[in-house]
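Here the structure comes first, spelled out in C-alpha cells, and everything after it is commentary.
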Amino acid sequence: MLDVRHLNKRFGSLAVTQDVNLSVARGERRLILGPNGAGKTTLFNLLVGELASDSGEIHLDGERVDRLGVDARARLGLARSYQKNNLFDALSVAENLALAVTAARGLSSNPWRDTHRDASVQEDVERVAAQVGLEARLHHTVSDTAYGERRQLEVGMALASGPKLLMMDEPTSGVGPAMIDGFRQLLQSLPTDLTILIVEHDMDFALDLADRITVLNYGEVVFEGTPSEARESALVREIYLGADDA
Amino acid sequence: MSDTGFWIVQTLNGVQLSLLYFLLSVGLTVIFGLMHFVNLAHGALYALGAYVSVTVSAVLGYWGGFLLAPVAVAVVGIGLYLLLIRRLRHADHMNQVLVTFGLIFVFTDLFRIGWGDIDLGLEPPTLFSGQSTVFGVVYPTYRLFVIALGLVIMAALALVLTRTQIGAMIRAGVDNEDMAACLGIDVDRVFFGVFCMGCALAGLAGVVAAPVFSVTPAMGDSVLIPALIVVVIGGLGSLRGAVVGSFLVGFIQTFGAVIAPQLAAMITYALLAAVLILRPAGLFPARS
Amino acid sequence: MFHQTALKSVTLVILLLGLGAYVQTGGYYGRELVIEACILAMLALSVDVVAGYGGMISMCHGALLGAAAYAFAAMTALLGWPPSLSFVIAIVASTLLATAIGAVSSRTQGIFFIMATLAFGQMVYVMIFDAPMLGGDDGMAGVKRLNLDLVGINFKKSAPFAFACIALLALSYGLAALMLRSGFGRTLSGVKANEDRLRALGVRVWWVKARAFGFSGLLAGIAGVMAAQHTQFVSPELLLWTLSGEALVVVILGGLGTLVGPLVGAIALVFVKHEISSVTHYWHLFIGIALILTVLAGGRGLYGQFEYVVTRARRRRAKDHA
Amino acid sequence: MSFRPTTRATALCAAITVGALSPLAAQAKTSVGLLLPYSGVFAALGNEIEAGFTVAMEAAGATDQFDIIKEDTEVKPPVGLAKARKLVLEDEVDVIVGVVSSGVLGAMRDFVHDAEVPLLVANAGNDHATGEQCSPYITRVSFSNAQINRPMGDWLAGSGVKTAYIMAADYAAGHQTMAAFKESFTAAGGEIVGEEYTPFRKTKDFGPYLTKAKASGAEAVYVFYAGGEAISFVKQYDSFGLKDQMGLYSGGFLTSPLYVNAEGPAAEGVITALHYMPTLDTPENKAFVDAYTAKYGKGPSEFAVQGYDAAHALLSSQADGETRGAELSAALSRYSANSPRGPISIDPATNNIVQNIYIYETVAGENGLTQRLIDTVENVQDAPNGCVL
C-alpha cells in the first residue's frame, strides 16, 4: 500500500535521506529503527509532505503522492503523530479530537452544523478518547493535562482522523512503563487492515508488535527484515543498540 | 526623454529616495529582527525628529538640529522603552503592534498641540544649498548630501554588524535569542541599545527629510506605510533586506512616476502584493 | 473556540435593547449616533471573526466596506438599478473580493499577512480613487436607500433606518455565531491555534482562511451598504487603511475574539468620541491613551475583561463548593 | 460697484440696525452652525476661517446676536454630512457657515438643498457647486477654482510666455484649476507642452516629475498645490534650480501666507494669482489686518478673509431682517461690500462671489516674505456653467 522509491533529501551538504526504498503492505506493522539523527523523523516528514523531497517517488495505494500537499496526503488517509507534542494547547481534549474528526468527516467546510452538538462527531470523539484512555479527561484543557496524557492525545489525533496509514513518531517517548503497556494494548486492538508505521526507541515494546523492521542509519536503509532476523543481525545490534547505549 | 542626462538625474532621484527609505526603515527592521517588535510608532519618531530639528535649527542652525534631533528622539525612545516596550517584551505580538498604534494617535495630537496645525519647513544648510554638477548633470546639492549620508550610514551599519563584537551579539540575538542568552550575552542590554539606535536613526531620517519635504503632524503616517513595505519586502530583521527593499521601492516609485504616472500610486502596493504572494516571508528572511 | 455563553447572550440583548431605547429617546443626533455605532459594530464584528477567531489581522476591511458601499452607490446612483437588487449584488461583490484577498494572502502569516491585506486594500482604494466615473476624491452623491414602503416602513426617516441597522447588527451577530460554532468555524479557530497540525489532519487551510475572509467580507459588505445608504454619499475615505485600523482598535477596546466585545467597543467609541470631540479637537489623544492602557491592562478589552472576571469568579466559586 | 463706503461703516450699520431690533432679536437669536475642519489635514484652514469670522463679529459687536455651534468635519465627507445633519435636524440652526473641503461640500450639497437651509461656503472651491450643482441655498463667499485660474491663462500668455508645462495634484481641484488655465492660456495663443497629475497627498518626492518638467523645455511651469504639498513642491522646485530656468506660476494657494514662511527663500519669485493678499493697500484691508493682528498676533491669510466676509454677509442679511430659510438665502445672495479683498458681490446667476483676482510675486521683505502686486484682474465672474437657480 505504501511504496517509496529512491527517496532523497539533502540539507545543504548533509544528506538526511539517501535513496530510501520502502514497501509496506496493507495491514502491516512496520517498525523504523535507527540511532538519533538517522533520519527517521525526516522520513516521516517526507512521507506526509511536511518536507519536500529532492528526488524519488512516494506511492500510496498506487497513487503517486509526493507532489501533493500535506493536507491532500492526509485526505488520502495518511495520518501521523508527532514526536514532540503538536496539539491545540488552548483547547480541551474533546475539542482537539473533534477537530480531527471534523476534518476526517469532511465537516471542516460545513458552515452550519454545530459539531459540538453533532451526535456522530461526539460519538467518534468519545470512542477515540476511550481507545487512548482519555475518556475521563475529555473536558480538560490540553495545557492542564499531564505530559503522558498529551502523548496519548497525540496518538488519538492521528487515530481520530480515520487513517489508512497510521504513522507514529515515538509514541512512548518520555512516558512510564504503565503507559507503554497501554500503548501496546492499544496497538494490538487496532483493526488489522490498518497499516502502521512506527518509529520507536523502546526495542522490547516495538519488536513485539512489528511484522517487519527497517533500520536507518545516516539516512540510508541498512537493514530490512522480520523482528527475529533483526534480533540476530549483528549490524542492527551494532548500529542501533550501540548508539542507544551510548 | 531619451537623453542620458535625464535618466542620470532620474537615477539620482531614485537613489536619493531609496536612501531616505533606507534610513527610515533600517531601524524598524533591526528592532523587529532582534526584538520581534513591530514598532508602528517609528513614523511618529521620524516626525518628532523633523519637528525637533525645526525648533533647534531656529536657534542653532541646521547642524544644531542635525546633531540634537537624533539624540532627542533617542531620549524619547528610551522613555518609551522604559515605560512601555520593556513591559511588552514578552507580550503577544499583536499587543505590541497595538500599543505602538496607540502611540501614533498620541504623538500626532501632541505634535498638533506643540507645533500647531500649520505645516512647517526647514531650510537646508547653506553648505548644501543650490546645485552641483555630478556625472555631467546639475543636481541639488542637498540631495547629494542625502545620498552620501545614506551610503555612509549603510556602510557603517554593515561594518558594525559584521566586524564588531556588538554586531556579532546583535546577529546572535537575531538568529536565536535563547542561544544568545546562553552564550552569556546580556540580551536585554543589546535590545535596549539597538532600540535607542533605531530611534536615533528614525530621528536622523526626520532631520534629513525635513528640508526636502514639509513638516506636518501626519508626516509620520505618510512614511510609515512605505517604510513597512520596504522592510516587509526585504524580509523583516535583515539589513540586506532593508537595503534591497529600499532600492526596490525607491526605484519603482521614481521610475513609476516617470514612465507610468497614472499607476504611480498603485505600483508600490502591487509590488508588495506580488512579493508576498511569491515569497510569503519577504525576499531575505532573517531566519529560515 | 467560540461558545455562545449566557453572559454573551445577556450582554448582547442589553446592548441591542439599549440602542433601540436610545433611538426612541436620543433625539435626531442620538439616532445618527446609533446608526454610526451599528455600522462600525458590524465592521468590527467582521474583523473579529477573522482576527479574533482566525488569527488573521486584517488591514483591508475598510476597503471591503468601501467596495460594497461604492458598488451599491454606483448601481443605484449611476446605473439607476433598484436598491434591493444592488443591496444583494454589492454584498456578493464584497464577499467575492474578500475571498480572493483571503485566498492569495493565506500563505503569509503575522505581520506579513497584515501587510498583504494592507496592500490589497490600498490597491482597491487607489483604483476607486482614480476612477473618474466614481467621483474620485470628491466622492459620489445621490445614493438611494431601500424602498420599504410596501411593508409600510419609511426608510428615509432616521428612526426606521436606525432600527434596521440594529436588526442587521443582530443578524450579523447571529450569522457570525452560527458560523463560528459550525465545523467550519471550529476549524477556523484551529487555524489560529495551530495551522500546521490542521493541515496534517487533512484540512485545506488556505481555503478555510479564504472562506472565513469571504464570510467576513460579507459582514463588512452589509456594513458598507448600510453606510452608503446612511449618508447617501460615498467617498474614498471609506476605503482607507485608517478605517481598517479604527475597526481593529474598536475590536481591541471591546475585546478581541469575544464577538460581543466589538459591539461594546464600537458603541463606546462612537458615543465617547462624540462626548470628547465636543470638548477638545484632540480626541485622538484620548483614543490612543485608551488603547495603550487597554493593552497594558492585559489586552482583554472592555467586554473581554468583564467576561474574564465573571468566569474566574464563577470558577472559584465552583472550586470552593467542590 | 459698491454703495457702501467702508466695511467698518457696514458693520456699524448692521450693528445699529440689529441693535434697534434688539428686543425682537433677543427672542429669536439666529443660530449659526460653524462647520469647519478642526482636525485632519485642513485643521489650520478651519482655525483661520473661524478667526476671521470672529474678528468680524467682534468688530461689529454682534457676537451676542448669534448662537454659534461649532462642528468638526475632520475633512471627511461622511463626517461632514453627518455633522451638517446634526446641525440642521437637532440644533435647528438657521444657517451653516464654513466647509473647507470640496469633498465635504459635495457630500452635503443635496442635504442642505433639500432641507432648504442656507449654506454660506467659506472656502470649498469646486466649480460645480456654483455650476451644474448650484442651489439657491448655497452661497459662496470664497472663490471657485476656475475663477482664480482662468485669469492667469490670459495674463501669462499676455506677459509673453508662449509654452507652459502644467502640474497638479490628481484630484478634482487639481483638474479643475488646470482645465481653467489651459482653456484661457491656449485661447490666448499659449501652448501646453506637457502635463502631469501627481498622486494626491501621496507624493512627497517631486524630483521625478520636476526632472520631466525640466526636460520639456517649457518657458513656464504652471501648477496647483496646496498645504504640505505646496511646501514640498516649492522647495524642491527651487532645489533643482528650475526657478532660474522656467518661471513657476500658480493660481491658488501655492504661496499662501499660511505656508510661505515654511517655504522660505524658495518661494521668492513665484508668481501666483489669488483673491486676496494681506498687503493690499486699501483702508478696508488695513483695518482688517490691524484688527486681526491685534487679536491673534499674526497677519491674516486668504482663509481668514473668507471667514471675515462670511460673517459680514451674515450680518448684512440680519440687517435686512432675514433670519431663516429661503429669505435668508436670498438676502445672502444679495450681499455686496467693499471687503478687505476689494469690492465683492454675489452673482445672482450662480450665487458665486464676484471679486478681483490679484496676480502677485512673492518677494523678500523686511519681516520675512511678502507680496508684490503685479496686476489686478477686476470683478472676475464665472460663467453659469449649467447653473439654473
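Just so it is clear, A, B, C and D label the chains in written order, and each chain counts residues from 1 on its own.
Here is the rule we use: contacts are C-beta pairs under 8 Å (C-beta built on N, C-alpha and C of every residue); 3 or more make two chains touch, one makes a residue touch a chain.
The structure presented is a predicted model; accordingly, all values stated were derived computationally and were not measured.
**Student:** More contacting C-beta pairs: C-D or B-D?
**Tutor:** Comparing B-D with C-D, the pair joined by more C-beta contacts is B-D.
**Student:** Compare the CA centroid of chain C with every other chain's and tell me the farthest one.
**Tutor:** Centroid comparison gives A as the farthest chain from chain C.
**Student:** Measure off the straight-line distance from the CA centroid of chain B to the CA centroid of chain D, and report it in whole Å.
**Tutor:** From the centre of chain B to the centre of chain D is 37 Å.
**Student:** Whole-Å distance, chain A centre to chain B centre, using C-alpha means?
**Tutor:** Those two chain centres are 48 Å apart.
**Student:** Centroid from C-alpha atoms only, then distance chain C to chain D, rounded to Å. What do you get?
**Tutor:** Distance between chain centres, rounded to whole Å: 38 Å.
**Student:** Nearest whole angstrom, what separates the Cα centre of chain A from the Cα centre of chain D?
**Tutor:** 76
**Student:** Quick check on chain B: which residues sit in contact with 2+ other chains?
**Tutor:** 112, 265
**Student:** Residues of chain C that contact two or more other chains, please.
**Tutor:** 129-130, 282, 284
**Student:** If we use the touch criterion from the header, which chain pairs count as touching?
**Tutor:** Once each pair is checked, the touching ones are A-C, B-C, B-D, C-D.
**Student:** What residues of chain D sit close enough to touch chain C in their complex?
**Tutor:** Listed in rising order, the residues are 38-39, 43, 72, 76-78, 81-82, 85-86, 89-90, 102-103, 106-107, 109-110, 126, 170-172, 200.
**Student:** If you look only at chain A, which of its residues touch chain C in the complex?
**Tutor:** Residues 48, 50, 69-71, 74-75, 79-80, 86-91, 95, 98-100, 102-105, 107-116, 118, 121, 157, 161.
**Student:** How about chain C: which of its residues touch chain B in the complex?
**Tutor:** Spelled out, the residues of chain C in touch with chain B are 57, 104-105, 107-112, 114-116, 118-120, 122-123, 126-127, 129-130, 241, 245, 248-249, 252, 256, 282, 284-285, 287-292, 294-296, 299.
**Student:** Show me the residue ranges of chain B that touch chain C in the complex, using the header's touch definition.
**Tutor:** 32, 38, 84, 87-88, 91-95, 97-99, 101-106, 108-110, 112-113, 225, 228-229, 232, 236, 262, 265-266, 269-270, 272-273, 276-277, 280-282
**Student:** Under the definition above, what is the set of chain B residues touching chain D in their complex?
**Tutor:** On the chain B side, the touching residues are 1, 3, 6, 9-10, 13-14, 16-17, 112, 116-121, 123-124, 129-131, 138-140, 142-143, 211-216, 218-219, 222-223, 253-255, 257-258, 261, 264-265.
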